[in-house]
Amino acid sequence: MLEDIGIIFIASALINNFVFSRYLGLCIFFGVTKRMETAIGMSITFTSVMVISAALSWLVYYIIMIPLNLGFLKIVIFIGIVSGFVQAADTIMKKVTPGLYYKLGIYLALIVTNCIILAVPLINASEKYNLLQSLTFGLGAGAGFSLALVIMASIRERLELADVPKSFEGLPISFVLTGLIALAFLGFSGMIPL
Amino acid sequence: MLNFRGGIHPPENKWFTEEKPIVDAKLPKKVVIPLSQHTGTPCKAIVTIGQDVKKGQRIGEPNGYVSSPVHSSISGKVISIGNFPHPSGKDSPSVVIEGDDRDEWSEGIKERPDYLSLGNDELRKIVMEAGIVGLGGAAFPTHIKLSPPKEKKIETVILNGAECEPYLTSDHRIMVERPNDVFEGLKIIMKILDVTKGYIGIEDNKPDAIETMKEIASSEPGIEVVALKVKYPQGAEKQLIKAILDGEVPSGGLPMDVGVVVQNVGTAVAVYDACRYGKPLIERIITVTGRGVNEPKNLRVRIGTPFSDLLAECGGFRNDPGKVIAGGPMMGIAQTTTEIPVIKGTSGIVVLTRKETEQVEYCPCFRCGRCIDACPMGLQPSILSILIERGRYQEAKENNLFDCFECGSCAYVCPAKRPMVQFMKLGKLFLSPKKG
Amino acid sequence: METKAEKREKQLLVSIGPHIGSEESIPRIMWAVSISLLPAFIISVYYFGLRAIAVVGVSVLSCVIFETITQKMLKKKVTISDGSAFLTGLLLGLNLPSSIPLYQPVIGSLVGIVITKHLFGGLGYNIFNPALIGRTFMLITWPRPMTTWYKPVAGITTMDAITTATPLGILKEDGIGKLIETFGDKMNLYINLFLGNRAGSLGETSVIVLLIGAAFLFYRGYITWHIPFSFVGTVMALTWIFGGKGGLFAGDPILHLLSGGLILGAFFMATDYVTAPAIRKAQIVFGIGVGALTVLIRLKGGYPEGVMFGILLMNCFSPLLDRAFKAIPFGTIKRK
Amino acid sequence: MREMLKIVISLFAIFVGAGLILSYVYAKTSTVIYNAQVREKEAALKKMSPEAEKINVAGKWLLYEKPNEYYEAKKGNKVISYIASTTGKGYSSYIKILVSTDPDLKIKAIDILSHSETPGLGDEIEKKDFKKQFEGKVLENIELLKVETKDKIQAISGATISSRAVTKGVKEAVKLLNEKYGKGLSKE
Amino acid sequence: MNEKINYWKIFKNGIFSENPVFRLALSLCPAVAVTSGVKNGFLMGVAVLFVQTMSNITVSIIRNFIHPKVRIPSYIFIIAAWVTVTDLMMAAYARDVYKEMGLYIQLIVAFAIILSRLESFASKKNVLPSGVDGLGMGFGFLIALVLIGFVRELLGKGALWGYQFTPTKPLLIMILPTGGFFVMGLLMGFFNWINRRFFGGKASADVHMEAHRHGSH
């Protein structure tokens, strides 16, 4: 049981890292890693939203949709849950913790139309994870995504001072860089069969 | 051995002159005395062209608080007042005096065998009137150092006998030849500052100086002579304080923030000469050395003597001279001409051969980390230099650029031969308020 | 006489101090590291024959050629004389199996030099170790040739085609019993590993000659203890604790020390200035990280050896580590 | 208030409209999907025993906590083949395998249903040459060797882990069939 | 006549100057995730093309009915509906590829590009131009995916559209995640170079990306 949870966490964070081996969240990944500060803000926001929306979607999926045989509506409903939750979080944070809102609120807005958030409940549903597993998966994916963001931001800060050929500045070199990191992350492959 | 973090070990090259007693340089035919020989506002000239002056006569009046008078170093006639080359590299207002070979003292000079009974304010005034500034290189007016603000309680005086720059041996010779005067000077400084604890820090590569000084110190309560690890920049005051007292002068702060005043040993002797004999600062000891001169020497030199005179006295150039440096090879300033005068802050003239100073193209930093290890200020010179190279001055400032005191340790060790000090200067220049 | 002096004066150099510099320079360091690898190269020729010369030669040559071409194309100064491309090629070659088809190191060099190094701005700016990226690329692209090992046979021209597993491969597949059996007894195993009489990449097999090279680098001050010792120490500690089948503290750290690319990796590759952190404290953490990842992959991963991936993974973290362990300026009051 | 009502109506109408379209599409496609899934499974089983007229589930079993089934393939009333689905713990994935045996539990064929082993290495378990090795083997012979062999299974070089995973999965399945249908574990 | 040229322009816009992948750098995930082969890239492209076009048409038809305050939720809803349709259809009729790319089909709903077209174009224009805009964007996307798939399948498998024409796989790595990133990066750099070299243009999709991030939120 515990081992199972551990495996899901490691697998989702490292071996099947959303960015480096599943190609998810790339727009955000490339968009917010220019500066460390944004990368960290984004990490925190994303991880929390991923965990919470994993839980909400699980509840809705298994308590409402499956019994009513509405599984085919999962795309519609999950995106509804995610955007509803983000909207609510936005409103609540603004009222309750304006300081935090000021720091992280801008990132919240970016989340709604992002594939990585939606991917968590969808994968949870297709893997038929139970609630704890779903939460772990959300957390692992979030941790892996955060790791990716922070590494990338620190490398890109250094890269800003580098003498990259003109045509490759910006996105192209970031893609190549991500490919190299993904190559290094292949070291984790074969550790656990999935 | 007393030490600090960072630092480097360039070849010392002191053997040229360390055994050579100080000799008097020939009396110069003509001296060029800049009105700005100290940190702070330049003096106002108080002589006119054609006027006769005597040795020790004041020719420049201090102008403002941080300033210091200048005196004629020979007797003769003022032949010109105007801008002349200055070791700092810029032309600077100076008084030119043609000597009359008589070398007569001005009348005002009076000996005070009883100087110890004088009051502190009086002594301070003597130091000021004598135009004494730091002889260690920075040439900061000494009387100001000796008048700390009330809220800063000074507890310790350190005499800096480190002489960490390669080649230079003038402080070394002073300590060997005039040890008692050094002590007397120190005692005067301690008295002025009302301090009971004094140290004399000497790098371990001058065992004869350490021995001589220790001998005297054994009969001087409150004064301790300490041997320091041989390492550049052991003589930088923050590093010296760290090594001797384990105190860290806060970033952007001064020694007095940790209750310390640091003076060069030469300065101490000048203070003694002023108080005891009433002599203003008109001469100093300098080392003329390097593979580019024929006969390296330690010379007692009148302020204002042109480098060319001294080089001639040392047998002229030898080999293929590449650089003439006022000061040591680490922090000294390379000169375009030998027609510049010795000033109060000139601790030596080093002539390097062309081969020794060959310039190579520099490369990008390959992050070897040597400069980080070397920087005595705990900075990351590699990052600073890259930031400045890319024009990101503000970030350089956030990375403590202004803690850099341009000691050159980073540039010395850099295998990529990056002109680090140049970058640092450039960065500071861009960030200075004048540039916006 | 007079005029000569004046002429001299005109030629005086001026520049901002310091006016003297240490003797070290990039080429001096790069060539010295290359020389320190010479014993390893020679022993590889002894064990693997002329094939070793071919593999290393192709790697070096293609690295140098790619460096020239790329710098020409980017209109930069061609800097092959600084030895860094030579060194990358040398290390790449020494990291390959003797039987590799010779066109493959060319592609490995292309990836290492062009993509890993020059796309990122050339010497000093690359994030990843070029030689290791070249090798990883090859491993993933041609897994079979890259994991086919031949028995070493002493002699310059012999090329005995007996494939065999590497010690770590045997350890992973069949356990330590089989490994000891293969080599006779345990002492024999250690001795063979130490001398290099075992299958493996060309330059990694002989621990003794690698240590000689490393000693030279230490003596010259080109590498410091921080990375190699924390790396090797971590590997030994962790394999001792977790490496055994019969519970904790039953592993064989010496076996892990002597096999695989640990020594070559720890002293010659993890220490690459460009891709490791520059701050000493950060280097220790870097070394521990590489060590831990190496052990994780060796013991739990899909590959028998983890040094390469360990170094590359920690290369990702170098900028972060340098950031985290930023030097504290003199006289800064340390807050909490 | 009117505003609010308008919003609700607007959203609701879209919701209903979309719902209608989706239900229609779902109704149309769900049977197609279901049938396709059934057909795929049947086809896979049929491939294992082409002569069979009927293949029935005979039971379920677990391997590495993965659900598997075994089947009896009949022609008329006679069992002509046993089939089991099984799992191999591979290099980077769990490998889904089908095994069929003849009535005296000699392997007739194996098939790899799904896996995600490394392309170019582990995925060679799908190759005929490798799968063919299992044909005609009985329980005792299902063992992986890294050298050339006729009566055992030879590993794919460079993909020992994947080969072993398949071999072990098959062995477990045959062991299970032996328990269920064999006359004691070690027959003769 | 005039009309026609206009449509062509709208159509072309999505393919070249505002190519969603290479120029706008949006919807990058599928661009690398499903492009290990031409076929998958093509089908993904078709799926996006379908969803974009249908959503554009839907929105432009009912645009006067959508309440401006709930504009975004309505759009998301419409997109989600069309994605579900696509999802179900592919699950039913393209089963083998669906197994590989099902997740990414479902994630089409989150593509910023689709929403931003609805917001900036379809909600203001008539049915026909909206449809053409959708087609253009979709084609731009499709072409990009096919191009990436082409390079990766050719290098990685020595095959095209599943048809094998080398005995071995030349550069296996190209069909792994790593290879996807390399190909994307190298292609982008290459296009930038062409653009700079032959058209004197500024390249960098980055600029556009910034604009979009700030513009659309």
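Residue numbering begins at 1 within each chain, and the chains themselves are lettered A, B, C, D and E in the order written.
One rule holds for everything that comes next: a contact is a pair of C-beta atoms (placed from the backbone, for glycine too) under 8 Å apart; a residue touches a chain by one contact, two chains touch by 3 or more.
None of these values were measured; they are calculated from a predicted model.
J.: Which chains sit in contact with both members of the pair chain C and chain D?
T.: For chain C paired with chain D, the chains in contact with each are A, E, in label order.
J.: More contacting C-beta pairs: C-E or D-E?
T.: D-E
J.: Can you identify the chain nearest the overall CA centroid, using each chain's own CA centroid?
T.: C
J.: Hey, which chain ends up farthest from chain A, C-alpha centres compared?
T.: B
J.: Taking CA centroids for every chain, report which one is farthest away from chain E.
T.: B
J.: In whole angstrom, how far does the Cα centroid of chain B sit from the Cα centroid of chain C?
T.: The mean C-alpha positions of chain B and chain C differ by 47 Å.
J.: If you average the CA atoms of chain A and of chain B, how many Å lie between those two points?
T.: That gives a centre separation of 61 Å.
J.: Averaging over Cα atoms per chain, report the distance between chain A and chain D in Å.
T.: Taking the mean C-alpha position of each chain, the two centres sit 32 Å apart.
J.: State, to the nearest whole Å, the distance from the C-alpha centre of chain A to the C-alpha centre of chain C.
T.: The mean C-alpha positions of chain A and chain C differ by 35 Å.
J.: Can you list every residue of chain C that touches 2 or more other chains, as numbers and ranges?
T.: 115, 119, 121-122, 125, 137, 140, 143, 302
J.: On chain E, where are the residues touching two or more other chains?
T.: Those would be 73, 77, 80-81, 84, 88, 172-173, 176, 178, 182, 189.
J.: Which residues belonging to chain D are in contact with no fewer than two other chains?
T.: 18, 22, 26, 30, 91-92, 118, 120, 161
J.: Which two-chain combinations touch?
T.: Every pair of chains meeting the touch criterion: A-B, A-C, A-D, A-E, B-C, C-D, C-E, D-E.
J.: Spell out the residues on chain C that touch chain D in their complex, using ranges where they run on.
T.: Of all residues in chain C, those touching chain D are 143-144, 147-148, 173, 302.
J.: Quick check on the complex: what are the chain E residues that touch chain C?
T.: Residues 171-173, 176, 178, 182, 189 of chain E touch chain C in their complex.
J.: Okay, in this complex, where on chain E does chain A touch?
T.: 25-30, 32-33, 72-73, 76-77, 80-81, 83-84, 87-88, 102-103, 106-107, 109-112, 115, 173, 176-182, 184-186, 188-190, 192-193, 196, 203-206, 209, 213, 217
J.: Can you tell me which positions in chain B touch chain A when the two form their complex?
T.: Residues of chain B touching chain A: 364, 386-387, 390, 392.
J.: In the complex formed with chain A, which residues of chain C make contact?
T.: Touch list, chain C to chain A: 74, 115-116, 118-122, 125, 127-128, 133, 136-137, 140, 293, 296-297, 300-303, 306, 308-310, 312-313, 315-317, 319-320, 323.
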